[in-house]
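A, B, C and D are the chain letters, set down in written order, and residue numbers restart from 1 in every chain.
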Amino acid sequence: MPEISYRHALNAALSEEIERDENVFLIGEEVAEYNGAYKVTEGLWKKYGGKRVVDAPISEAGFLGLSVGASMMGLRPVVELMFWSFIYVAYDQLVNNAGTVRYMSGGLVNCPLVVRGPANGGTNVGATHSHTPENMLANMPGLKVVCPATAYDAKGLMKTAIRDNDTVCFMENTLLYGESWEVPEAEYLIPLGVADVKREGADISLIGHGRALLTALQAAEVLAEKHNINAEVLDLRSIRPLDEEAILKSVRKTHRAVLVEENRPFCGVAAQISSMIHEKAFDDLDAPVLRVSSLDAPAIYSPPLEKLQLPTIERIVARVLEIC
Amino acid sequence: MPEISYRHALNAALSEEIERDENVFLIGEEVAEYNGAYKVTEGLWKKYGGKRVVDAPISEAGFLGLSVGASMMGLRPVVELMFWSFIYVAYDQLVNNAGTVRYMSGGLVNCPLVVRGPANGGTNVGATHSHTPENMLANMPGLKVVCPATAYDAKGLMKTAIRDNDTVCFMENTLLYGESWEVPEAEYLIPLGVADVKREGADISLIGHGRALLTALQAAEVLAEKHNINAEVLDLRSIRPLDEEAILKSVRKTHRAVLVEENRPFCGVAAQISSMIHEKAFDDLDAPVLRVSSLDAPAIYSPPLEKLQLPTIERIVARVLEIC
Amino acid sequence: MEKLAEANEYAAAEVNRNLTNEQKIGFMLDMFRIRRFEQEAAKQYSQGKMGGFLHLYIGQESVAVGTVSVLGEDDHVITAYRDHGHALAVGMGMDECMAELYGKKTGCSQGKGGSMHYFAPEKNFWGGHGVVGGQTPLGLGLAYALKYKGLTGCVLCFMGDGAVNQGPVHESMNLASLWDIPVIYIIENNGYSMGTSQARSSAFGECLAARAEGYGIDWDVANGESLYEIRAKTAQAVERAHKESRPTVLEIDTYRYEGHSVADANKKKYRTAEEIEKYKTEHDPLRLWRKVLVEEGVLDDQAADALDREAKREAIASAKFAAESDFPGPEAIFEHVYHEVDHDTVSGRTGKHFFND
Amino acid sequence: MEKLAEANEYAAAEVNRNLTNEQKIGFMLDMFRIRRFEQEAAKQYSQGKMGGFLHLYIGQESVAVGTVSVLGEDDHVITAYRDHGHALAVGMGMDECMAELYGKKTGCSQGKGGSMHYFAPEKNFWGGHGVVGGQTPLGLGLAYALKYKGLTGCVLCFMGDGAVNQGPVHESMNLASLWDIPVIYIIENNGYSMGTSQARSSAFGECLAARAEGYGIDWDVANGESLYEIRAKTAQAVERAHKESRPTVLEIDTYRYEGHSVADANKKKYRTAEEIEKYKTEHDPLRLWRKVLVEEGVLDDQAADALDREAKREAIASAKFAAESDFPGPEAIFEHVYHEVDHDTVSGRTGKHFFND
């Protein structure tokens, strides 16, 4: 199978969906003529023209709200946020409009919308540009949240997200855009709400999403090599819907879990999952579920410190050793 | 001790702090000449004039951001949001400006700001007007979040919040404004981050904040009368800082806990607390910590259904009986 | 407000010139229906039949009826929370509207949205939106979709005079002009946002609509007393949208008689009783339209009263309908959250969507 | 840009008339310092000495230097992420600015903010803000505080031509005018927001600043080539703020030579190489000011070169300073989150503030 980058996989998914459905269009800052601030939409404007790939002014509330309105009438906008951090200037449009209009209309209206862009720290762009809002948006019933960790998942999930009839918040990672994975050339879809065992193991479950999952995979190697601990690594892929069955299945097998996330800890995704595991698998657990999140401060600029602020292999290993 | 309403207690706190410190001023929609949409600021404009009590246009991002800027220069604005739900049009100003400026300036700037208003469902105003963002805002290191359940706490915490040198998100409840409690006439302050045992008990800990706490107190009575279960009821009062010690102390005594919140469940405050209790008091628990949150959908309008959507005494009792 | 006589010169405008008597009487009935519907709703509200907010449109009926009356098949409407007038004007039934207020399953939104959140997409009506200004990008998007699909249509997006100071309004105007979107922003200027007069909430040059100039958008101001003027100026904007795909900002001067909402205890504090009285007696759009029709010989007083009675009967019947309808069952709480779950698609079945247990 | 000759007629303006040679030379040096600082920063960036973004101000130096040069004791400055020029103009040192880029403890923000987030409140400089438009309500609030405290001062709040389409800008303008706030919004119009030309991002009538008219705010446009014109028009706005407590919107035409940020690979794709070249040769504010000073006999070429060399030396030294400084220790991650915790007050000691364990 050919290896392609996470960026390229997204680009292919967008391209294929634009071709498949005339109602799909991309909109965002610099997505067209500039080819995307992170080049995810490279070549698409040239190929599909200005109707299908639209450069927008710096008016996130305006063009995200526009997209919600257009989706109400049956279009399928894919909105790029240059950073998910900028959702905070358009939060009301996403949460109150896309998030509630189906409900408040008793099902008369729906919003088949994808909002996508990178949501990560670790690139020294400071506190305002490094938010990871997956926990907050998944708090809102009506919205869906997806955080792919690999090129394969990014492509399959993006295609599903675009075809989904609800609003999907699709969170990518600038640090992954350049990384490559095997991706088949034939079309495939990955359903939302289905987690993926990225490494089988028997001694402990490492559970996470996005780039933290990759860190967990590296930690699993260290655990195997240095500590003779065989960790299972479960990639949530989708935060809402959430594959609780897969989580519980893994934990019932390993009886131990460490949750890994780049979210900040207070009410992070791992808080929800920890609470759920304890509630539903209390008697299966040989130890409390532990968490590894970003260090609990705004994202620091200073490059060496920001590396420490995100979950590190060392922190994951240390957490695992506390309970193994 | 005289009984005064939650509304009156807040009004007194605001009035006293305006008198005490010339840098304190109130700003928000209809807070001055109209006396406040929910009359929390009644009489203050008349008493202190238009410099200290300021009516603002419907520009939450504008006047909240203005207040952040003014606080940077040493004023102490108290911003009313008519509903906390409207924070979503001003989210960036709160999270990225008030929330990070101290950090990003290496401590050169701080924002002694209070943002207050009601954050609750249960009044049939529909999904857009019934948000409870305490979990999301407490996710942000740099912000503080307070949710008083009684008039006594509201007054003491508001005065502390105004004197605090960080940004405090103060979440009230329209359903409590008219309720009365004993409040001393002499001045008192309640520190942030100190929980309060509102009912002593030995069999189970009911832990919550805001109006849900009052529902928990009622549930405790039912448990005592009908089920011979003596519940301890712990009021968090402040979500961030959080009194983890008090939580753990109670749970170590009762060995069981049910967490109650009007938050929606996914990554709600109770998720954080459940995860923390399991992690730190795993061996003290005789059963998993269970949660009672709002039913997981946007707030429904239909009055009889919205009653069911919020935590009810019945749901709390049922949850308790699962583990007692 | 400018002189009414002047306003009524718009009777000669193209869109008004060929109106049939039937149409003119229809407008009268539509306005009576809105007023009677709301009076009935207010009565039932005060008897505890509904919860939450009830923002009455009484006094502003000519705006919804006049503007909507010039729309065609591919023209759409979206508004804020003061939406009963627009809903009835686009042809929604009183029954489903009243039942929505009661929170009943027979309501237009099955009791899930309430007063502020009426919807009827099949009547080109896209809500009813509670967050001030929040509907303005949505209206833009609806119009964007029309253009995208190659339809000749437009969107009337209503907002209040207080809403103009929300950021999204400004962002929307820029986008509308930049991209030639056929959206018409109608500012229903009733002089107040809650208890705040226009002068205390907005700084402006000539008028609120003139802010459009900063975006190169055409704008106009209409006298809300006159159906003829409202229709003429809306028609002009609709034509601009249809023919040039250009936006318009149209400010319509009007007045609300009641409080901001029925629960507004201050309704006579931020404005004088005389001011309200003056509007009711001298500027009431129903009274004035009735006068026009009587003078034109289209209607006599008896016939007008009969129309009004008809409207009142319909409103009373709608309250009965609402009262007798059922509340939705508790299962409704988890319906209409996700399309995929409601339709039990593959996508709706994978993973957990709700998190109470 | 209008003719420079015309612009330089502003030499006769009151604020310029009595400038000493020393002051004029000071402006020259200030501009050299900004340019050399940034050139050095870009060089170090390309050698991997810093992370994240680096938005260069090169080409726009006259704006920061000219506007800031008319300010007095109670006048303040706030800007967006392209903030090095303003920071040096208000008097921040190259050392602390360079060290901040390196993420060092000796940086102005102790390495915690980076390029976009410089701060120096003691120099009346309030940042450095990364979210486009997000600083505009803050600038308003700073000015609000000045007025509240009874000080005669104002705030210069800078933004780009792309920022004008953010909602908070509009909300801020309305509030500034409504409440007579002494804030001066300066639109640094460099023609592009990232790769998007002004024509592709903004719909407007006369110019961007003219949107101010919709709020009853005075506005003006200045030619960014001319320090004299910038100073004259800024001084007028400052006077309006000081004397009438009224806001101004001042658009200054300028140009950035480099990419949006140093990492902008497209910097020559959305505009022609000729366009950039033309600005560098014909419109460069440093060249032009130097020419003015030479013509006025204030400075000869040798002296000018000496100034430039001085600036360059300082820049190189600052890179050395930055390189030799220490990174903050890991404990810094949890510092400066909460004032009360940092100061170990009672309030900082009750309850848990951080949640990793």
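One rule holds in what follows: a contact is a pair of C-beta atoms (placed from the backbone, for glycine too) under 8 Å apart; a residue touches a chain by one contact, two chains touch by 3 or more.
Bear in mind that the values here come from a model prediction, so they are computed numbers and not experimental data.
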item: Higher-contact pair (C-beta pairs counted), B-D versus A-D; value: B-D
item: Far-end chain from subunit C, centres as C-alpha averages; value: D
item: Mean-CA-position distance for subunit B and subunit A (Å); value: 30
item: Rounded Å distance between subunit B and subunit D, as computed from the means of their C-alpha atoms; value: 40
item: Distance between chain centroids, defined by C-alpha means - subunit C, subunit D (Å); value: 45
item: Chain centre separation (subunit A, subunit D; CA means) in Å; value: 36
item: Two or more partner chains touched - positions in subunit C; value: 109, 111-113, 117, 129-131, 134, 165-168, 171, 174, 178, 200-202, 337, 354-355
item: Numbers and ranges of subunit A residues touching at least 2 other chains; value: 57, 59, 61-62, 85-86, 88-89, 92, 96, 103-104, 126-128, 141-142, 240, 264-266, 272, 296-298, 300-301
item: Complex contacts: residues of subunit B adjacent to subunit C; value: 29-30, 33-35, 37, 55, 57-59, 61-62, 85-86, 88-89, 123-129, 264-266, 293, 295-298, 300-306, 308-309
item: Complex contacts: residues of subunit D adjacent to subunit B; value: 78, 107-113, 117, 119-121, 126-131, 134, 136-146, 148-149, 167-168, 171-172, 174-175, 178, 335-340, 342-343, 345-347, 350-355
item: Footprint of subunit D on subunit C - complex, ascending; value: 165-171, 173-174, 176-178, 200-205, 210-217
item: Residue ranges of subunit D in contact with subunit A within the complex; value: 50-53, 103-104, 109, 111-114, 116-117, 129-134, 162-163, 165-168, 193-196, 200-202, 266, 269-270, 327-328, 330, 332-334, 337, 354-356
item: Touching residues (chain side subunit A, partner subunit B) in the complex; value: 61, 85-86, 88-89, 91-92, 95-96, 99-100, 103-104, 126-128, 131, 135-136, 138-142, 240, 264-272, 274-275, 278-280, 282, 287-291, 296-298, 300-301
